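Below you'll find the structures, each written out as structure tokens.
Shared chain: chain A. Partners: chain B in the first complex, chain C in the second.
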Partner chain A sequence: MAESLISPDQIYREVQKAIADALQISEQKVEPDSSLIRDLAAESLDFIDINFRLEQRFNVEMPRKYFLEHVEELFGEGTAIDESGRLTEAAVTIWNARLGSAGPRVHAGMPLDDVPALVTPRTLVMIVGEILATCPATCPSCGKAAWAVADGSPITCGGCGAHAPLLAGDDVIRRWLEDFRARGGSVSRAS
Partner chain B sequence: MVVTGVGMITPLGRNTGETFEHARQGRSGIDYLRAFDTRGLPVRIGGEVADRWIQQPPGVAARLERMASRAIQLMWTAAMEATEQAKLGRIRDRYRIGVILGYHGETSSLGDIARIFRAWDGDGQWDATRLRQGGYDAFSLVRHKVDVGPTLISRIFDCRGSSIGIASACAAGGQAIGEAYRLIRSRRADAAIAGGCEASLTYLGLSGFILLKALTERYTSPPTASRPFDRKRSGFVISEGAGALVLEDLDHARERGAPILGEVLGYGDSTDAYRITDIHPQADGAVLAMARAIEDAGVERGQIGYINAHGTSTVQNDALETLAVKRVFGERAASVPLSSNKSMLGHTIGAAGAIEAILTLEGIRQSLLLPTINHETPDPRCDLDYVPNVARRFPHRIALSNSFGFGGHNASVCVGAFEDG
Partner chain C sequence: MGPCHGRVALVTGSSRGLGRVIAQKLSEAGADLVLNYRKAGGRSEAQARALAKELVERGSRAVAIQADISQKDAVATMFQEIAAQYGRLDILVLNAARAPFKKVGELLRRDLLELVENNYFSNVYCMQQALPLMQGRPGHVVFVSSLGSRFALPSYPLGSMKAAMEALVKQWAVELQDRQITVNGVTAGLLKTDSLMVLRQYWPGVERLPASAFVDLQDVAGVVLFLCTDAARSIRGQNIVVDNGLSNELLHPASAG
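Then we have the complex of A and B:
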């Protein structure tokens, strides 16, 4: 329900703005599939800045760990990344399951160090959208179903003014992985 | 060792030329503070740098502004002037260019502290989610750290040799020059950006010095508040600014045809190891720093034509610096002119040593001694030639620039005209 409060278009505009502000470039330069690192020259510190701006804007907590780090944590070391720091077949399978055919492509044997360059505005929009979607139907403080979004504000309860309780970004990813496993998604270690 | 570029931004001007000219005219850069509301404070004056004088570094470096405190912005403004003059960008081996920076970081702002407190329940528990509310940026606390200074200056000017931060209070700018001089002399670098910066004209920055009783609280008007060596002096006036020099090995500078503005001839430093803010009663540390600088330069004491005094306008410093000069120069002390740029600029703390060394070099180049303004009432303990109130034409070749810091850090830099051949 919260998804309809803040549309993907609105999220995209905020992501675009956060990137442009952090990198001191014009918003026109930021396109949905620009690689933050390759096309927009972002460095690791810039990711912190961009995430922090989005966290403030939406009152969310962006993930602290990369998706494949979560895979390793949940399914065991070596599942997604082999000993030489390269992506396994299992990593590719689970990556494609999560990001779909429209997402940035990975392949087995790709160095993990190349993965951050795959982050695009589109992936950030997806992450923010997923977190916002964890907003419960009713406000846990007052029980009302009256979420509202004033212009440029995070989701707040129209009844009591409380901020929407949203899942942290890392928890959203973990939950997705658990669902994936429950659905019978196979994640076996590369042999 | 030669100086191939100089730059500064001070309450008296946006660059070296403007600052020197206004100092030559005996103008004061001290006024009522405008940067924040000083109501209720016993000190309401200082030497501010106009915001519009701060330059933006070129290219991708503009993004670094997020990480830069005001002091660092002043520093890169000064360094842009110095590196352009030295044509530092044309040096091919970037791995042999160092950055030695006198800088203490900055006190967190009241706003930063208030935000942190909003995330604290008062009982040892922090709510990190509250740190994400309120519209401030991710670097607001990190930005003030000391190490960020050399990092940003090295990055902006692409210097990949040693990068060293110097934190020695009012001696930092002088020590930065001295350490850069040692770095190049020991062949660990061909060139270095050396300098210092300071921007503490904030509520908390001022409060710290007020609590130490270091600032003058008795003044009839802002421009007359800083009065080094005058009997009615009662403390220093705090200012902001930055100074930058490009130091370079002579052969290296010659080979690439860099402009040669003067020489760094020697450097001496010492520590009082006495009391935290009191100076040693016989000024032992200051004597040692000056004597070492002269010895290091390989010149005779009689060759020193001028001393750019630390001259803070505190009762203690000016009397003891006078004593130190007498101990170093003996009977000749009365005939060595010394003057205090701080009478006009105020005290730029970490930047002072760098700014004053540059002004000393400019004085040598122009055969001119900058005055000590507001020198009206003689003090029996301060009875040397302070170049009172009016600049003086005076050809000289070699000079000392003194910087003595709270905590007993003493630095003296010996500079001279470039003697070819």
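Then we have the complex of A and C:
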């Protein structure tokens, strides 16, 4: 499988490097569960910078919107975030369904503004990994199943040299949410 | 002596980007400065304070005031401080902007509120608070707009707020005609500020456009400065495009591909 061409460890090392370069800190300071905001003093422009570096490195498009924003777009405004800008019970449920028990925790009533602080190297690795996993089995340009990664370059077709076509980050999240809904998952406004 | 000598100027959003350059220009022209920024405790604040310090060291008066101008109370508090420190205001540059980058069809109510509160309400609050401090003297107001007021840019709903802004420029100009307060807009083209990093997420390759597609921050600030001098007192209610010619051509052969 194409996705196993780049291991989570390799992705982690690149994430670590992107963060260290963007924030101009040493890579040693970046731990898998460091909060970019709380522990590494990242600001919102730094997130954009880090994402851009990962996009260049892996030829991916990182999500432009937060997960809970996608939830609201699909299930309706008010389902994940209440009038006062706080997370609903439904937001917590779907968050846990997506991130599992290893992910950063949220709780009902938590301010939406606190969510960006939950971004860690580990969550970035997950997103990059999910995008890389959308690589099709064969190359759409030449039909060969010959994906390869040379050191430091994105997934490329060994047959024709084309970059692997990967789903955009926002589409990966949207697809996950649609699957969630198809599996009977629902998110509704508390009445 | 510079053309703004003895005048007090507030530039909203002047910790970084275009606002910062405008503040520097006004200071060079002799104005005393009120710098403003939104986010407390971060890099923006550090930059605003550093600029204030720099201007003071050069011999002018300057203060940096944190205020989220989308909040009416915060605007009132900022103007109380301006009144306390300077007792007057002569020049107001409404430069701050903050907006979601999204397709219009994807805007949530929260996004719409962010748009109007930060780019429309904010400027009306500032004007309403500024006018008493501008009483009895000629004054100058400049709104900073963008080409988004006239052209659709990818994921840039802020453009619609800029269109509203340019309409307000006329409205205010008429309302303040008798008070000798000029109100104008400067419609800037593409600038190389932090926002470019945001824009390139929605407009891949924008940072690689030829240099001529961009307009120098100094050039925009220079026009803002001119509109804040008495030489420009008969320019009223105009929105002046400063874009290095970008909007003159429908097709740009140089930037294709």
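In this text, the second predicted complex is superposed on the first by the 191 of 191 C-alpha atoms of A that agree within 3 Å, B and C clash if a C-alpha of one lies under 4 Å from a C-alpha of the other, contacts with A are read in each partner's own complex, and residues count from 1 in each chain.
Note that in this section a residue touches a chain if its C-beta (ideal position, glycine included) is under 8 Å from a C-beta of that chain, and two chains touch if they have at least 3 such contacts.
Because the structure is a prediction, the values reported are computed rather than measured.
Asker: Determine, for the superposed arrangement built on chain A, whether chain B and chain C clash or fit.
Answerer: clash
Asker: Which partner does A:A182 reach: the first (chain B), the second (chain C), both, or neither?
Answerer: Neither: A:A182 stays clear of chain B and chain C.
Asker: Between chain B (first) and chain C (second), which, if any, makes contact with A:A102: first, second, both or neither?
Answerer: A:A102 sits against neither chain B nor chain C.
Asker: For A:E69, decide between first (touching chain B), second (touching chain C), both and neither.
Answerer: A:E69 contacts chain C only, not chain B.
Asker: For A:Q24, is the partner it touches chain B (first), chain C (second), both, or none of the two (neither)?
Answerer: Once the two structures are laid over each other on A, A:Q24 reaches chain B alone.
Asker: With both complexes superposed on chain A, which partner does A:Q56 reach: first (chain B), second (chain C), both or neither?
Answerer: first
Asker: Is A:A137 contacted by the first partner chain B, the second partner chain C, both or neither?
Answerer: A:A137 contacts neither chain B nor chain C.
Asker: Just chain B (first), just chain C (second), both, or neither: which does A:I81 touch?
Answerer: Only chain C; A:I81 stays clear of chain B.
Asker: Once the shared chain is lined up, is A:I48 touching chain B (first), chain C (second), both, or neither of them?
Answerer: It touches chain B and chain C both.
Asker: Given 55-63, 145-153 or 235-243, which part of chain C has C-alpha atoms clashing with chain B after the fit on chain A?
Answerer: None of the options clash except 55-63.
Asker: Can you list the residues of chain A that meet both chain B and chain C?
Answerer: Of chain A, residues 45, 48-49, 52 contact chain B in one complex and chain C in the other.
Asker: In their shared complex, at which residues does chain C touch chain A?
Answerer: Touching chain A from chain C are residues 42-43, 101-102, 106, 108-110, 194, 197-198, 200-202.
Asker: Mind listing the chain A positions that touch chain B in their complex?
Answerer: Touch residues, chain A against chain B: 22-24, 41, 45-46, 48-49, 52-53, 55-56, 59, 61.
Asker: Could you list, by residue number, the parts of chain A that touch chain C in their complex?
Answerer: 43, 45, 48-49, 51-52, 64-65, 69, 72-73, 77, 81, 85
Asker: Which residues of chain B touch chain A once you look at their complex with the stated criterion?
Answerer: Counting only chain B, the residues touching chain A are 60, 62-63, 65-67, 129, 132-139.
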